[in-house]
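Labels for the chains are A, B, C and D, by order of writing; each one numbers its residues from 1.
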Amino acid sequence: MRREVPLILTAIVGITMIIAHFIPPLNILKNLFEDWFFIIAAFAIYLGILNLILVNGDKIYKKQKGWLFGAVVILGFLVITIIGIFFSGGKSFQDPGTPFYYIYMNLYYPLSATMFALLAFFVASASYRAFRARNVEATMLLLAAFILMLGRVPIGEWISAWLPEGYRLGDAADWIMDFPMTAGQKAIMIGIALGVVSSALRVILGLERAYSAGE
Amino acid sequence: MNETTNQEKKTFWEKLLSIDRRIIFLFIAVAISVPLFFKTSLDMPVSPVVQEVYNAIEKLEAGSKVLVSFDYDPGSMPELQPMAESFFRHCFRNNLKVIIMGLWPQGPLQANIALDQVFKDEDIKAKNLQYGIDYVNLGFTAGNEVVIDRMGHDFRESYPADSRGTPLSEIPLMRGVRNYDNIDLILNLSAGYPGTMEWVQYAVDVFHVKLAAGNTAVQAPSMYPYIQTGQLAGVLGGMKGGAEYEIALKRPAKAVSYMFSQAIAHGVICLFIIIGNIAFFSLRKKKTS
Amino acid sequence: MSSEVIGIWIGAILTLGIFSFLYKDNPFYKFSEALFVGISAGYWFVVTFWQYFVPKFWDNLSLAYSELLTKGRVDYHWIYLVGGFFGVLMLLRLVPKIGWLSRWSLAFIVGTTAGLQFTRYLESNGILQVKGTIMPLDLTYPKPFIAHTGFIITDILGTIWCNLLNILYTYSHWVLVVGTFCGLIYFFFSKEHKGVFGGAARVGVWFLMITFGALFGYTVMSRMSLLIGRMDYLFGIWLGLY
Amino acid sequence: MKEKLVFGNKVLLIFFLLLLFLFLGINITFAQEAGEAKASVDSLAQAPAPPTNVVARDAPNDNGHALVVTWTLSPDDGAGKNNVVSYEILRSDNPDTGFVVKGVVALGISQYEDKGAKEKGDKNYLPSHKDFYYRVRARADGIFSESVVSAPAYAYGQWFHFGKSPIFIGSVIFTFFVVLFINMAKKGKELYVRPIAGIDAVDEAIGRATEMGRPILYIVGLGSAADLGTIASLTILNRVAKKVAEYQTPILVPCADPIVMTVAQESVKAGYYDAGRPDAYKEDSVWYITSMQFAYVSAVNGLMLRERTATNIYMGVFYAESLLLAETGNVAGSIQISGTDQVAQIPFFVAATDYTLIGEELYAASAYLGKEPLLLGAIKAQDWGKILIMISLVLGVLAASFHFDFFVKLFQVKM
């Protein structure tokens, strides 16, 4: 029961999904399974939350280094959850004017957008370190990035204005995107397709079972 | 990186190669922020699709009614907010009447933020615009394209009252407005669904009203077919489209200075890459000799 | 102070908290991080509750239940109980003795994933990509304004650049096909990269490198506009400096 | 580990072959190639003649929620007044009123598939077995004319989607390869797989962490259990956990999805079990942070600097956070190995980490790290798939260059 049921279940569900792709009336199963997946995920989130509270609660209880920050985590979680579930108008909890929306706009959104914006700095430091013409490969990387970066802002227009139309930096950038970039991307995508398909078959055949090994 | 064993004897080039990343960060922060303070006018050619949007508004006579639909949320603010401000500036400058609405819940709030900005302009302040007479904010109504469809019969089916709760019949600006027949132009700012595509299909195709739009850079290219068929007057695509519009309007504002930040930042990164390579090669030359 | 102004101040302070990480890890960042983690976990919990649990599970079952009560018939919506059953099995992990039952749910999820992605990837990443590459080799670059066919002369650097581009424009589709082919050879695992085969793989690596460089450069613009948005928030909306 | 297939290979093969025969017995119809679009030279402010002969019928190969509309082109399309720019397709359930535009096609095209949704609440719901009427508009610049209303038609479902036959054939061939090579491996045939730099580096990096006495950080990525990239990553985690258990180095696995966390716990536990040290497994080495992208990153970034991890391994599905993680790891001076199937993120990993598994290499790694013959068989199958694709690529390009269009049509997939 412990080993066999999961393997058989995986195989049956997997094969059904493949067949459903070719047999239109079975499409309804696909949607149903997806809905079930969401339901499972909605239950599973309790596992995550419990884990979060245990890890941070442990910190506070043992007065570990940084336990105060653990308290902030739990407090932040509780406040927004209680507000979101009970005091923000049910399903329309995300509407403007609800307390949930206020927290979203003035706490969550600035934090998230700023974290995202850090990328602008990291893009700069990473390109300074990585884009050096060490060998042919690195030079190709460098040149492509350089042309694309300049070709998409007015600077590219200025410094290549002396060239005839159709041969400026912006045009070279367009050509790189349309041909060599597309070629490389296609090779990667086809490779990924084969990798995914073979992994999927390994899962269905019960060869890949990190999720149910042990004991 | 640890090619030099002796820390003190680092040459200039070696120091440059292992430069503290915080110095790069500082350069980027400066490159992005400083241009924001200078309302620099950066000259860019205005592309035809942008010029068409400008012409659509410019052609309207004073007193014409323009419906502006705000279909985005704060996530697209850097791209669409400058366009919203330019639209308002253009309309108010030409003495057009503006009706604001939103198919996205946060949209009408974005409109208020834009209005606050625009009212700081001296020439617009001087006009002493009145809520309810020169502009009105209808707010958000749920229902996506169904809202567009119903408004084709009567605005009141979707909006019995404005965002402040005043019935439309009591608002002077709305007295002469029944449906799209009384609207001279629709402007749409969109970051996805529902957005420009729905306005084309449910308002333009069915009720034959004129439409122009501002879109995120990702979305704009998919609007080009509609421009070709004339269902859409024109489209502003992303920060660059917004900047070009400001130039067409001869009122360079946020998008142009944003574009300036953008260009300077790209330049700084490229400069760093060049410096890094010079350092790398001079060091290698020294090693081989 | 209105709640709006307070909100802007909170947002600005938290923004600075995250930015302070660029200098180094510090208590201000740690606080922002902890708050962020707590709020986001709660945010996700609330969203999951109202957008998945309630509409997909609760609403469907209450519909089935009311059908049963009012009309006395067994509605197909009861089928959502199966999803709930798997969900409950998942939670059984917390009970050590029967925790292994949660593997049934995992097996269901993994099986669905494998089956769905098998055909999806074969279609969109495999067959359709091959189809898109099959084109006559003599097609030239479709941009209408590339009218020059002969040798273009501007100055030394310009002449080299323009004529190099001209050659590339002419052989655009060769580039596409050769690039895809050599790229695939790079991913070939059964043979060591030596000789002619190794040479082709090397060309494949060049194409991959151009791809990575181009994608990197292409994304820089949108990353910068994010930072512009934040800086504008700090200087324009919060401090009102311009 | 004892390898036993749940379904005998043969059963699976026979099953697919049966389906193939079933399908080959019926003629294949290919989608009509869309006519070449021509730009209108001059548009006059005169309405074009309307399209005629509008016919609606059920769309083949679907679940019964789509109709196909065909018409005869307007005489002014490419000829006559030559001012048609597009056609608009309007639908109603009433022949007299309520026509709404459902789609637009370019000039020269005389067919449109009106794909509806099958869920009742959907804005685009198109019920089966219900009559619909169509009109087609020829649109010129700012002016149009409409056809007469079509006869009613209704949509219904079919049993096999013939438009997807190329994918079906592909599935059968590939399944055959996998089963074949796994069987060969089972019989003990040596299969060669070339060394892959990033994979070999994993061992080294674990060794380094052990020497330095600092922990290893393993990031499964932001994907959910519904991504195969995540599942591949969890398999790699299993192998890494086994080595880590042997070296007795601590491992940290912060997760962004509760289900993935559950599987990761199983995977790490199984690794320790395989290494023969189940008691060394610590429950708190795999934990949940949050599911929201940037909050997760902020926490992991802090973790890297505070725990001073010697080695960071990023495998799985990554989005914009890739560079945020990799650059911070760089500040901390960790050795970094990455692998993802998200094409847009590979460049950032290439730029900021020491080794990167590119796309397919991630999937190969999950088989390669274990060095189990059965899994190596799957890699062989991937290579044979590649050979087939390369052959059809070359043949296809040659055929297209000499204008044998039939070859391109072999890959025609109709949704």
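The criterion applied here is as follows: a residue touches a chain if its C-beta (ideal position, glycine included) is under 8 Å from a C-beta of that chain, and two chains touch if they have at least 3 such contacts.
Since the structure is predicted, the reported quantities are computational estimates derived from the model, not experimental observations.
Please report the minimal path length, in steps, between chain A and chain B on the chain touch graph.
The distance in steps between these two chains is 1.
Counting only C-alpha atoms to place each centre, which chain is farthest from chain A?
Farthest chain from chain A, going by C-alpha centroids: B.
Comparing A-C against C-D, which pair counts more contacting C-beta pairs?
Per the contact counts, A-C leads.
Nearest whole angstrom, what separates the Cα centre of chain C from the Cα centre of chain D?
So the centre of chain C lies 12 Å away from the centre of chain D.
Distance from the CA centroid of chain A to that of chain C, rounded to the nearest Å?
Averaging C-alpha atoms per chain gives centres 5 Å apart.
Let me have the rounded angstrom distance from the C-alpha centre of chain A over to the C-alpha centre of chain D, please.
Distance between chain centres: 14 Å.
Can you compute the centre-to-centre distance for chain B and chain D, using the mean CA position of each chain? Integer Å is fine.
Centres of chain B and chain D (C-alpha means) sit 33 Å apart.
At least two partner chains per residue is the criterion; list those residues in chain B.
Only 21, 25, 28-29, 32, 262, 265-266, 269 qualify.
When you check chain A against every other chain, which residues touch at least two of them?
Within chain A, the residues that touch at least two other chains are 7, 10-11, 18, 21-22, 37, 40-41, 44-49, 52, 105, 109, 111-112, 115-116, 118-121, 123, 125, 127, 129, 131, 141-142, 145-146, 149, 152-153, 185, 188-192, 194, 196-197, 199-201, 203, 211-212, 215.
Among all residues of chain C, which ones touch two or more of the remaining chains?
18, 21-22, 30, 32-33, 36-37, 39-41, 43-44, 90, 93, 103, 106, 109-110, 112-114, 116-119, 121-122, 126, 130, 133, 177, 180, 184, 187, 208, 211-213, 215-216, 219-221, 224, 226-227, 229
If every chain is a node and every touching pair an edge, decide which shape results: line, ring, star, complete or other.
Shape of the chain contacts: complete, all pairs touching.
Would you mind writing out the residues of chain A in touch with chain B in their complex?
Counting only chain A, the residues touching chain B are 94-96, 105, 109, 120-121, 123-125, 127-129, 131-134, 142, 145-146, 149-150, 152-155, 157.
Which residues of chain B touch chain A once you look at their complex with the stated criterion?
19, 21, 24-25, 27-29, 32, 42, 44, 74, 105-106, 109, 140, 259, 262-263, 265-270, 272-273, 276-277, 280-281
Show me the residue ranges of chain C that touch chain D in the complex, using the header's touch definition.
That would be residues 18, 21, 24-25, 29-30, 32-33, 36-37, 39-41, 43-44, 90, 93, 102-103, 106, 109-110, 112-114, 116-119, 121-123, 126-128, 130-131, 133-138, 177, 180-181, 184-185, 187-193, 208, 211-213, 215-216, 219 of chain C.
In the complex formed with chain C, which residues of chain D make contact?
164, 166-167, 170-171, 174, 191-194, 196, 225-228, 231, 259, 262-263, 266, 289-292, 294-296, 298-299, 301-302, 305-306, 343-344, 346-348, 350-351, 358-361, 364, 379-380, 382-383, 386, 389-390, 392-394, 396-397, 399-401, 403, 407-408, 411-413
Give every residue of chain C touching chain B within the complex, in rising order.
Those in contact with chain B are residues 22-23, 220-222, 224-229, 231-232, 235-236, 241-242.
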